[in-house]
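Two complexes follow with chain A in common, the first pairing it with chain B and the second with chain C.
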Partner chain A sequence: MPGLGASFGRGGATTFLQDLQHSDCIVIQGSNMAECHPVGFQWVMEAKKRGAKVIHIDPRFTRTSAVADSHVPLRAGSDIAFLGGIINYVLQHEKYFKEYVLAYTNASFLLREEFQDTEELDGLFSGYDASTAKYDSTSWSYAGLEGDGREGGKGAGGDDLGHAEGESHGSGGPALNPNEVQKDWTLQHPRSVFQVLKRHYARYTPEMVEQVCGVPASQFLEVCEAVTANSGRERTTCWVYSVGWTQHSVGVQYIRGAAIIQLLLGNMGRPGGGILALRGHASIQGSTDIPTLFNLLPGYLPMPQAAEHETWEAYLDGIRSPQQKGFWGNAESYVVSLLKAWWGEHATKENGWAFDYLPRISGDHGTYQTALDMVDDKVEGYFLLGQNPAVGSAHGKLQRLGMAHLKWLVVRDLNMIESATFWKDGPEIESGELRTEDIGTEVFFLPAAAHTEKSGTFTQTQRMLQWHHKAVDPPGDCQSELAFFYLLGQKVRARLADSGEARDLPLQHLTWDYPLDADGEIDAEAVLQEINGRHADGRLLSGYLEMKPDGSTAGGCWIYSGVYADGVNQSARRKPGSEQDWVAKEWGWAWPYNRRILYNRASADPDGKPWSARKAYMQWDGEHWVGPDNVDFPKDRAPSYRAPEGATGPDALNGDDPFVMMADGKGWLFSPSGLVDGPLPAHYEPAESPVVNPLYGQQANPTREVFKRKENPMQPSGDEPGADVFPYVFTTYRLTEHHTAGGMSRWLPYLSELQPEFFCEVSPAHARERGLENHGWATIITARAAIEARVLVTERVVPLRVGGKVVHQVGLPYHWGVGTDAVVTGDSANDLFGLALDANVHIQETKAAACDIQPGRRPRGEALLRMVEEYRSRAGITVETGQQRMTQRNEP
Partner chain B sequence: MSLGKSFLGWPVLRQLTGEDRTGRGPAAQSARSAGLLPRTKTADRVVDSVCPYCAVGCGQKVYVKDERVIQIEGDPASPVSRGRLCPKGSASEQLVNSPGRVTTVRYRRPFATDWEDLDLETATDMIADRVVETRARTWQDLDHKGQKVRRTLGFASLGGATLDNEENYLIKKLFTALGAVQIENQARI
Partner chain C sequence: MTSNPARDAGWVDPPPRKGFFTDTSVCIGCKACEVACKEWNAVPDDGMNFLGSSYDNTGQLGASTWRHVKFIEQPASTAVDLGLPRVGLPGQQDTGERTDFRWLMESDVCKHCTHAACLDVCPTGSLFRTEFGTVVVQEDICNGCGYCVPACPFGVIDRRIGEKGVTKNVGIAQKCTLCYDRLHDGLTPACAQACPTESIQFGDLDELRARAQERVDTMHDQGIPQARLYGADESDGVGGLGAFFLLLDEPEVYGLPPDPVVTTKDLPEMWKKAGLAALALLAGAVAVFGSGS
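And then the complex of A and B:
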């Protein structure tokens, strides 16, 4: 979550669910919390019971809206305009928390003369290169710094290698040397971050919000008033979001928008405040912390890049500046400990800690690029581990066609998911595009163990690791991933044990001797201990502060170090909540260092006193920081401490630098580095939108990742000819009774009975316009696919007036897929999408796109293909359509 | 003679003479239902767990009898969930014991029209062979620009957000040692 990382320093929710009860106002935006996180929602209701105002901002009226004080329906894909409007309101009406903003943010920092804003360049920032569609971020840096402010590093988007950089700030702000930054404490200097922010959002007026979002200005102002009235010394507001925000071609900047508001209002690091990212899978936070992602190593250390990170020294200088402040300054210790954990005695100072055993990345190796490479026969094999891309990924047809090109496919799941059976019952078999007898893919289906059949940790939405204990043995051939990959590693290593090839050294030298438990299976606690880390003498580390750059410590994920402090599995602690305060520090373990509210130094004023008695949390008692949480700051550093000249790393943090991972110790209203698509959020339309961007000539995100290929036809957008063929906005979402692509829900009779059938939600006016009948059928069409769904005509969806015209929105739950094994099946909403990705994180845009909808069922067989082709033809779609990224009229 | 057979055991008399005057408790209970016990009472053991669906991380109590999961309940001790589970979490016993769950290895040969059986050991050996062969065939010491990359783009992996941290750790470790970089999960999807 680089939106959070490039604002505060870590890519995790900044607070915890139980603390919502202390909020005076809760804004839920891009999330249907009551239905998608129902048990967590109890804490919103607790807050409401205590008098908090609850605001739900979302295209659809849901059960979250039903219990909120107000529901604000807005057009899917317009949230940045709404958030920018709030920022403008806060600045124009001087509602920001001045002491907080001055002390804890980079508002007073001066930017360079070369910096040009979207206001000057019609929707582009300075540094844009139209030939590569990437930014050189040098001009976004602070005044007074050389180059882009990094030692030896390159601009965030300056070359093709920089393209994958955006995500590497999950726990450590971007590298930057802050010592020479010029500041203006009066905030009046025209190049101060504060004034730049003011100018950037000056046109995001209530009237503009109404025009872009379809929200009446009066309703928008009510939100502004509620949020500002419930922020400040005495009160705090929390912002809650989920994938309704992240899955956009400009998704990272949605989160940045909330980050700026929360910094301006002084809500970060304080009880009842913060930004709560709600994650949708049991361990999705864990799977980025210990990443099964191509561009990261454990603990958000970047994967080395070809050329840029040729040597160990170049890598190290590339990921951190030796002069920078804060705990990211010690990155060398974290990397060396990781390499020691993986290659033990074979990682030595002389061989750069076996750095060359790491493969190099060069550009995007994400899942969508990989699917296209499958189609091109560049990929032979594929492991699917509890994931169902034939249903769950955007552009399902591309996923299935890609898999039909593989030599071998291994599916490890609880149920016979559609991705395992596409070769005999996928939609392309029915349409005649594929024939089972022609598909050469060898498929292994290996049954997986359930959560009750293995021990291990999930990291839930508030960064908390919780151990689940094995209850029974897995049945039949079922195996955990732990057992399977341990055995696979043994078998592969045995096959290459005597090889003389240099490429096999990383396998031969890999530490892969794990103790077995009583059942003869690899012991998960031993793996957690390796993750936690050890001293050379075998003692477990108490935390990452003990990690050393000299090879005397080993540890697999520095941010998780401490989960085995004192030799105890801290994640398995279960002291009942009723016997603890609401922070519940003795239940599970949260990274980092079991801190529950991040940046909680900011809960006290610069002198270390609570901002108010009502909002007291951590405070300085003269010798230590004390309070109900573990302080997210050096424990004994006085508020008055000023770092000596030349200090670096944690020693350089002043007593009032609460953002301890950031190179300058401050929260970033403006991100001088770390993001590839701009230092401030600007409203861009979704890649496919029936609306012309009212704010800039630049229609959509100019850096979005596009794939100009015949397999990925994109639609005309805005006022381009043919855009009117797809006049409606659609968005996808989850239901309470199903889970993502259905692999864990559509095979359960209970849940299938509760939500048996795929449906679409449309408003009564929309139904009249298209002749749709409640309980009847509708066909939804895009340039990729036509799918059918039962019609639900409901006032939960309202037509919005946007830019003088009425925009209808269609809501689609995305849980169903075409196959024969599940209890319930149906067309998949994800088949509708094309590929347009956020360039920071390569996430696809599946929360806002354009479609047509017609009454009746879709055609079958070849007629279905003809229907989609007819739409493409009518809209004049070629391989070039929608792939043009720079669309503003004025040359920058 | 048991109460049930005698008129003295009639519910209406019990209601009028006992403490349950509204007839909504013991007075209305039959002998059979009085003898019923919840499954959770007869479990051999109760194991602490965590719900596998969304990321709220609700505490679960897993009830086991005769080495089989017989019930899953919310854990009242959890400070986050306070004993509650949503419809999915409440259905998780069926996730484990689902009638449709596949518990044996299935294998589809290239161009075949149906599955066949395969034993687990053979399947794992075949997969290890495929990994080794594909890796050797697709290995790159240098990329097309002549830059050192030491990797394979010949195979990929997708998944992780439903897995344990320890599992993701081993997957990342093994793939990285293999030089395989195309590892992805739902965190983006």
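And then the complex of A and C:
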């Protein structure tokens, strides 16, 4: 979530679902909320009943559009142009909330003279190194700071370790020393953030929006008017997004676009405002908070890197700047407490809190690089837990080919998913590319317990932990993840108990002593208590403010500290909404500190008074911050407080610094550090696009991650020769009736019958152009695969006029996979994609790419391979195609 | 005061009549109602059939589908209404009121009619009127004669098709029970319980009708003149519906009959006429053969 982290300080939704009812306008963009979050969507309907305007901006007319006040169809992959257009409208028409912008954002901060914008460099920012395709972000920093202003600190680094840093701003903005920053309160200085922003977005005119997005200027202006009319002192607008924004090669910058708009309009930290990041499914927020990511430790602490973080001191200096403001300044307490939680008495001051027990990252170990490493026989074994990469990951064939190289594969799932059976019934068996007898992978299928069969928490979309109690025992051999890992740990530790090898010390010394419940199973509440943290005497912590850097506290995830405050499992609270106020603080527990709207100090003006009676939330009563929420600010810090010279950490926050995790206390219109692909969002085309970037000479994100290998053929894009072989835009998505790669839905008849077959959605005009018939079959082709789908011809898909030509879009739900065990099966949309990733977060671009579509079913067997090869050959695709990140421009 | 078919059916001091108000204006087509219904009532799946009909792969209500979410894709109307007589399907012409493409969704269900023909024609007493005013099939009494199937003016009830021994209740007439078992325990029917947007509302029919009227009035004030209630009027041909709807267009657009009439309405008249005819025949016979003897 670095888009939010590098704007506001934390990578989580800034508001909560119930707060939507107070919005005067709700913009849902890059999300199909009604279909993918139907329960939360009730609050959109509630807002609509109260008179709010609901706008859905999306390539397709979905069930969300059906109940919105207006639907704005745009070309998949063009959202930054749209958002940039709104920013330009807000600035040009002076619709921004001036007092808010001056007080709470970095608009007045001055940038360095050496900073150059995309305006000067035709789509690149200063600091780009074409040989590495990376930025040195030094020139993006504020004027008046030494060096890159980070003094070590987290930030966009020039590391070669897989660009891991962008992700570590999930709970804490990038490090930076703000004390000496020059400012211009008139906002007139040409190097002020405000003026840079104005120049950067000047070319994002309504006409340009029309040309890039295919949205008529009049319709675009209607959105601008609705959003600006519903923002300000008296009114607030909320922006809702989901994976329709994140799964792009420039996805993080989509989110930055919304962040800039919401800061300019003064919608952050206020009721009915904010940015609601909707998560893909249950506990996805939780799986970044306590991460399943290779480059993070719990609470968004970065994983130490080889060479760079050899010593404890080097690591510590790397994660926080000693001079910075805000709560990230206490990072040492969080790391020491984590190490104490893991290694207890073995973590001492003398051994650097057992810091050397942590492995170091020596390269990119993201999921896609790992799949390639499997192909290269660098990976022996693989655990899949609730994950079905044969269907759910981009470039399905690569995933399956990779798994066929493993020595062993453990699949823990509810059903015999395709990732467990690809070796006997996958698409490559049918095509003859793989033969079962040649695959040496030993597959262990371990049945998993469902959520009703185990206790634990889900951390949902709004950062709220909710406890679920085990209702029934898991059947047969089914087991919870917790029980599985506990026992696995026991067994591994038993094996290594007598080892004298130093490398085994981390396992031998690991605290692995959990109480067992009546059934002999590990007690989940004991784990939650460990996460919450304890004092040395065993008392539970009340929150991370109690964490100490001296080893007297232990806690597994600092941002979750407080979930067991007062010895109570706060996440298990279920006081009905009818028995408390609308904020419902006594239902579950939200990190941090059970705050429901983040940065809510900004709901009051700089003097601590509500901006308006209608939008009152938190306010200063002369002694404390009071209101319906827990204030996201030091409780008793007066609005007039000014930090003394030399203060650091939380003590350095002024009374009007609402963004308490940011090094300068302000919301970032311009991100001087924290992102690897630019301080401001600029529109780049998707890696594979039938359209030439109308805004800059630079076609696609110049920092996107590419994999130049024969397994990953990419298509020509824009005006490159051969691009016309793949003339259509396609996008993938989910349906209400199914769950992601189908593991939880395609085995259930009641869900499967509702959407039994893989289908594609096309417009009537597109169907005519290609001879597609409703209810018939179509074959969709890219450089990687040809797949077949039933056809739905619908007016819900409309052709768009983009830059003088008509662009057709194909919609593909990605729930189906090839196998024999599920109730319903089908070709997988994810087989179509190649790998092009956002360098900030290694996320794949699966929301916009280019394809061809033909009527009828696909060929079988070897003929299928020949068909795809024929397309590659016709488009002139080589291993070099599409791998050049900086666009080579012909000099005039 | 709503008519009380339970009292008419002989229940002494029945509880208030229960029903559904389905507000299609807030339906998001999630089909949670279909799934919750099947889960609770152990209704089997209805086949894995891709219909190519928008997002509807259920097709229609039947013995194995007691809730059915309809999806209606309405093209944008562009032409100006000239006030000329219309041809084509209702809702498919230009009315001058609507310019946007619309995707209408409606969760359909048994209407639990005030005057229920299925009940009238059932020879075994399997179909009965409950104390809540709803109409329920008793699967252990139904003999599968099928009289109820053509009797329903909405095409709701049907006999279950399937392989005996594999699928339960094959050949037996099946439909929504308004979760009769749940009502006895004071629970909300499964579909209404699962509905995330309160499109399906359950309660006392009196109160639901008042609430629905209020909602329509609000929508008219909000500039949505197409909003209308369907089946809330006791003077209609079925005496009003126990499960009624707020629609955003004419009933035909949703595949609902505009003026449903209980199919047994003319039965008394028919029997009377048949009786008269029989009497006349008898009289004739007596006249012919009697006088000649």
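Simple rule for what comes next: the second predicted complex is superposed on the first by the 880 of 892 C-alpha atoms of A that agree within 3 Å, B and C clash if a C-alpha of one lies under 4 Å from a C-alpha of the other, contacts with A are read in each partner's own complex, and residues count from 1 in each chain.
By our rule, contacts are C-beta pairs under 8 Å (C-beta built on N, C-alpha and C of every residue); 3 or more make two chains touch, one makes a residue touch a chain.
Predicted model only: the values in this text are computed from it and were never measured.
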Next item on the list: In the superposition on chain A, see if there is space for chain B and chain C together, and answer fit or clash.
Entry: clash
Next item on the list: Could you figure out whether chain B or chain C reaches more residues of chain A?
Entry: B
Next item on the list: Would you check which partner chain A:Val823 touches, where first means chain B only, second means chain C only, and both and neither mean what they say?
Entry: both
Margin query: Quick check for you: in the superposed arrangement, does A:Asp356 touch first (chain B), second (chain C), both or neither?
Written below: first
Margin query: Looking at A:Leu385 after the superposition, I want to know if it touches chain B, chain C, both of them or none. Which is it: first, second, both, neither?
Written below: first
Note to self: By the touch definition at the top of the document, which applies to A:Thr461: first (chain B), second (chain C), both, or neither?
What the structure shows: first
Note to self: Between chain B and chain C, whom does A:His739 touch in the aligned arrangement: first, second, both, or neither?
What the structure shows: first
Next item on the list: Figure out whether A:Leu507 sits in contact with chain B (first) or chain C (second), or with both, or with neither.
Entry: first
Next item on the list: Using the touch definition from the top, say if A:Pro756 reaches chain B (first), chain C (second), both or neither.
Entry: second
Notebook entry, point to check: After lining up the shared chain so the two structures overlap, which partner does A:Val67 touch, if you call chain B first and chain C second: first, second, both or neither?
Noted result: second
Margin query: So in the superposed three-chain picture, is A:Gly489 touching just chain B, just chain C, both, or none of them (first/second/both/neither)?
Written below: first
Margin query: Based on the A-chain superposition described above, do chain B and chain C contact any of the same residues on chain A, and if so which?
Written below: 38-39, 42, 736-737, 749-751, 754, 823
Checklist line | In the complex, chain A residues that touch chain C | finding: 34-35, 38-39, 41-42, 45, 61, 63-67, 70-71, 735-737, 749-757, 759, 774-775, 790-792, 794-796, 823-824
Check: Quick one: in the complex, what on chain B touches chain A?
Finding: 45, 47-60, 62, 64, 67-69, 72, 75-82, 84-89, 91-92, 94-96, 98-111, 113-115, 118, 120, 123-132, 134, 137-139, 141, 143, 145, 147-174, 176-189
Notebook entry, point to check: Which residues of chain C touch chain A in the complex?
Noted result: 25-32, 34-35, 38-39, 44-52, 54-55, 57-58, 73, 75-76, 100-105, 196-198
